[in-house]
Amino acid sequence: MSATTISAAPSRTAKPKLHLLIIWAALLTAPAWMGYIGGYDALASRILVFGLAAMGLNLLLGFTGVMSFGHAAYFGLGAYGAGFVLRYWVHSTPLAILCGILLGTVAGVVFGALMMRRTGMYFAMLTIAFGQICYYVAYSWNSVTGGYDGLRGFQRAPLDLGFTVLNIRDNGVLFYYFVLAIFAVCTALMGLLLRSPLGRTMIAIRENPRRARFLGINVERHILISFAISTFFTSVAGALYALLNNFADPTSLYYVISGNIVIMAVMGGMLNFWGPLLGAAIFVTLQDYISSMTVNWMSWIGIIFVAIVLFFPSGVLGFLRRRSASK
Amino acid sequence: MSMLEVRGVTKKFGSLVAVNDVTLTVEPGELRAIIGPNGAGKTTFFNLITGFFPPTAGRMFLEGRDITNVTATDRVAMGMARTFQITEIFPELTIRENIRIAAESAMGLRMKAWMSGSDTARVNDRIDEMLVATRLTAQADRLVGELSHGDQRSAEIAMALALRPRILLLDEPTAGMGEQETFQVAGLIRRLHRHANYTIVLIEHDMRVVFNLADRIMVLTEGTLLAEGTPQQIADNAAVQAAYLGAAA
Amino acid sequence: MQSRTMSGIGRRTLIKSGAALGAFSLAGPAIIKARGETPVKLGWIDPLTGVLSAPAQSETEGAKYAVAAVNKAGGILGRPVELLVEDSANDVGTGVAKARKLIDRDHVDAIFGDVNSGIAYAISQVTSEKKVFHIVPGGHTDPITGKDCKWNVFRICNTTSMDANAITPELVKHFGKRWYFVTPDYAYGHTLQEAFIKALKKAGGEYDGAMLPINTSDYSSTLIKARAYKPNVLLNNMGGLAQVDCMKQFAQFGMGKEMGLGGALFELESIEAVPPVAQTGWWDMEWWWDQPNQPEVVKWVADFRKAMGKTPSARHWFGWVAIWSTKIAAEKAKSLEAIKMAHALEGEELPPEVKLQPGKVFYRAGDHELMPNIFVGQVHPAKGEGNYFTVSSLVNGEQAQPLSETGCHMTYPA
Amino acid sequence: MLTLVLFNLTNGLILGLFYVLMALGVSLILNLSNVINFAHGNFLALGGYVAYALSPYMGYWLALLVAPLVVGLVGLIVERTMIRRVYARPHVYSLLLTFGLSFILQDFCRMVWGVNGLPLSIPNVLNQPVSNTLFFLTGYRFFLVGVVVVAVAALFAFLGFTRVGTRIRAGTLDLDTVSALGINIGLLRSFNFALGIFLAALAGVLAGGQIGLNPNMGDDLVLPSFIAIIIGGAGSLVGTLVGGIVIGIASAVTAIWWSAGSEVVIYILMVVVLVLRPRGLMGEEGMMT
């Protein structure tokens, strides 16, 4: 069976439900077992944040078949948007997230519209270039962004639910569950999207842009829509990243982060809905471990990139699926 | 009013003239075949009609409206559907999903992230209707990529039909098919034409199919119109026999 | 896992019990070794990759060298010392993640870092939140021990104001009062330039300048502008490799014939990257190895050279002082509890074998800034191994920036 | 003020030529292989370091030529063993591959030559300003301009007048036709890749003489070279040439009034060009869509 690509389409089998069970059970209990495999709360939160960013990117990369190497821009803008609210305006975590989303997504729509007339490698190159614009703005605009030193001097605010206050500021585990809750909402939205006509249109463009065009689908417009949606989810992740670090800095907009997000999606398997999350888990953990063990971690990360591209192009999930198919 | 009117279109690629001053009129309900030897410019002519690229000169009208500068996507919205010489489908989706994408696109739902129950029912009805029309109901939930060539072609036609086109353009629907599959697809086209009264323009190599199905035939050679008429007129045309049928014999 | 201090358990249990699943964590492997064998864990974070890797590597070497020496001298509180080095990759997010990892997973007793003052600041947010003793060996921006000072954070390297105040009289004396600044456009550069301007105005001088992106490698446009201003001296405030590039181009353009060159901070690592023709100017060294009148320094440098095969730089000294200060603090407090260590280190004077320079070197209680001497002098091509700099005067740190000017209001948690 | 502007214009031209050398290599590879080479800046650094390693044995002048050849050979090996395997795959793979290679190469330089900056000594004859008024025109800068002009002229002559060059240009326009003519596209691409890397390494040796060597030295030049290509227009090497000079001048002139903006200005310029003339200054309409 090569039903890899329709895993996001309406599924009638029981197997994906088992996947869901395992994924959510693992995520819900993560703070309990992270410690035993050498992890820690912040690492678990980091995995979720990058997993969300990679899943957001993957709506574009894996499900619409369009390459972006500049998603760090929307990730970073999400972070700065959240930071601005907490630093300059009000002490409210939900408002911070909303503003992060707004900043990232508006930039995504504007840049997307400017780039959309290009395809292929030039599109990829433009995504990098536009990402770098954001980087340089954050880097140069000292008075607002804090420049190279980053935006600092803010902290995520405890969450006031009316009947009780969740102190996500000081309690790392509680913050993890806060991130997980937002992650859950986002993945539910993504899942619904992919089951909707819009989602099917995106898949149609990935599968065969020419056919899609001659079914009356305006391919450019839908790529733009997909791009915008993808930047939306990536900026949610960015906003959470700022809350995780209590900090926003230009590096979060740098193209190296874009590359990391892309490799996470590819590493896990970009044709699978959950692939990018798995990729993020593997990549973030590996990076964490390797960089503690050797100062030459860059070589190892580079070798991972090369090995994935040359030997596991369909990612871990794609590789497992093919192995089980060939048995 | 004619369904499709093409007035003196020309397409040049650099110094190469692929289509030279060709005129064509297709009436509603007509089944028109376009034949000609390889490299005669048939597919280029098709691509001009469907808006794949703009003509160098000439104009085109769909039901009286000038479509010369209309994009391919918008031509679809105006009622033009096509299939390709090499089947263009979504191979890793099921037939049902393939048709669903077309149906949702035609019903203006493609931008929607959420769908009402009544819309879902309408889409499902349209899918079932197309499955019945193309006799694919039994294979509906199989991946298109796994199907036989003939079924794939039928699925592609089903997608085109799901658009509820005013005019259907088929580029060599029986290309590369065996006897049985050719028969199957030709039967489908005949039903669409005779029973559902579709206006159809098709490019075809198989002369048995052409002479069996077509109301009128146009012959292209080296990008120019050689002859035009009923199957009988074309069969009797000396120039056609010399340039094309003779060469094929 | 094995090195839980009493306070560590208390803190961790508190955090965990707040979580729904806190109960699981108590089932961990509870091997409690004899207290004497349990190492004291020190977490060291520096940008070992990226543009600041040269100073970061030296600092880390200094720390490792110090850990070996401390262990030879009986460790800390009789326990061996273990140094856990992490690369912040010059990225705040990574630096913060590493700090959390060292604290949450490895349960380190103290955190050190970072050369990048932005990361140092971000880490200090984590350490103060987690109440972990934190020394910033080499991140210079003023707020770390200034208006954003924290009870648990100590700093070894100078503030930019200290550096600027120390060199200004020399520059005015040797060159004049018309200055042109070439300054990196980030907090370090801004505070440094402000400090210089303040000092220059006191002396009645005038100035102009350019703010450049921090990683600038081509200075031709800037130097053209600088020359048009006809200053007495060009102040190269850039850092690391950028500073090196600027010096090279200054020399290539032959500008040394027309104006002096100087600045606040310069480092041995950078001098070695400059070709001899460009090794020039008046600078601060935050520590300099060549102190022939200080026998313990001469011996230390000789030992270091023998062990490491290189001449120690100020960054090596930062690493050295950071580790020894931790030992001093812990042993004076008789505890590894951050709050006790912090109180113990306030006002504490470093012994000769640690301070490695003349005079009184101590942590100022009001801002937790180390008060060493600033070595002011002239850079020149090498006259022997590592001999690139001749000290003309030592400026006392406290004199360079009185506490009242730091803006720090130290508060301890209740 | 006028002198200052004139100085900066000249200076920008010199800067731009630097970008040109870099961008032409990226452009060559992009046009024929459809690969964005992220590792280009690391090949540049490698070029500088190899020259540093070789010059004690053969002197500066010979190293200037030999180092790019050596690094070009490394490029050839990289292309033959890795890059060529992703030509047929979606773009994402070639991007990730060169991205990973850039990590490895950067770390390699760090491991072999250390984290401290190293000076690449240039002959003294090049180290003097030519005149006192035009003090920023050092002998080395003249030399640098000369080398770039010669290299670019040689490249264009090669592409215009030799058989292999003509094929590379034809392949840029229509790969299918070229391969239908029985030309070995694989070999052509390998050679072309090595040529692009040669240019990067040459830029590295030249940059080493001016700004010194460090493992990150190429990082800040990669993105501007992308911008040069976008501004110049896809598929046009002349466009890349113009684009590189334009951003060099823009960056230098901006520095007169707004020093901190000398980096961001080239991105602003790119957006302006994209809005006003989407295919770039010299791009061909068909190439970019």
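Observations, loosely collected:
By letter and in written order, the chains are A, B, C and D; residue numbering begins at 1 in each of them.
In this text, a contact is a pair of C-beta atoms (placed from the backbone, for glycine too) under 8 Å apart; a residue touches a chain by one contact, two chains touch by 3 or more.
Here the structure is a predicted model, which is why all the values come from computation and not from measurement.
Ranking all chains by how far their C-alpha centres lie from the centre of chain B, first place goes to C.
Between chain A and chain D the centroid-to-centroid distance comes to 32 Å (mean Cα coordinates, whole Å).
Chain C has its Cα centroid 36 Å from the Cα centroid of chain A.
The mean-CA centres of chain B and chain C are about 75 angstrom from one another, to the nearest whole unit.
Of all residues in chain D, those that touch two or more other chains are 107, 110, 260, 263.
In chain C, the positions touching at least two other chains are 48-49, 185, 213. Annotation, chain-chain contacts: A-B, A-C, A-D, C-D (touch as defined at the top). By the touch rule above, chain A contacts chain B in their complex via residues 2-6, 9, 192-193, 196-201, 203-204, 207-208, 210-219, 222, 225.
By the touch rule above, chain C contacts chain D in their complex via residues 48-51, 53-54, 56-57, 185, 210-213, 215-218, 220-225, 227-228, 241, 244-245, 248-249, 252-255, 269-270, 272-275, 277.
Across the complex, chain A is touched by residues 15-16, 18-22, 24-25, 28, 48-49, 84, 86-87, 89-94, 96-98, 100-101, 104-105, 117-118, 121-122, 125, 129, 141, 148, 184-188, 190, 213-214 of chain C. Within the complex, the chain D residues that touch chain C are 3-4, 7-8, 11-12, 14-15, 107, 110, 115-119, 121, 127-129, 132, 135-136, 138, 140, 210-212, 214-217, 220, 251-252, 255-256, 259-260, 262-263.
Put simply, chain B touches chain A in their complex at residues 50, 72-73, 76-77, 81-82, 84, 88-94, 97, 100-102, 104-106, 109-115, 143, 145, 159, 163.
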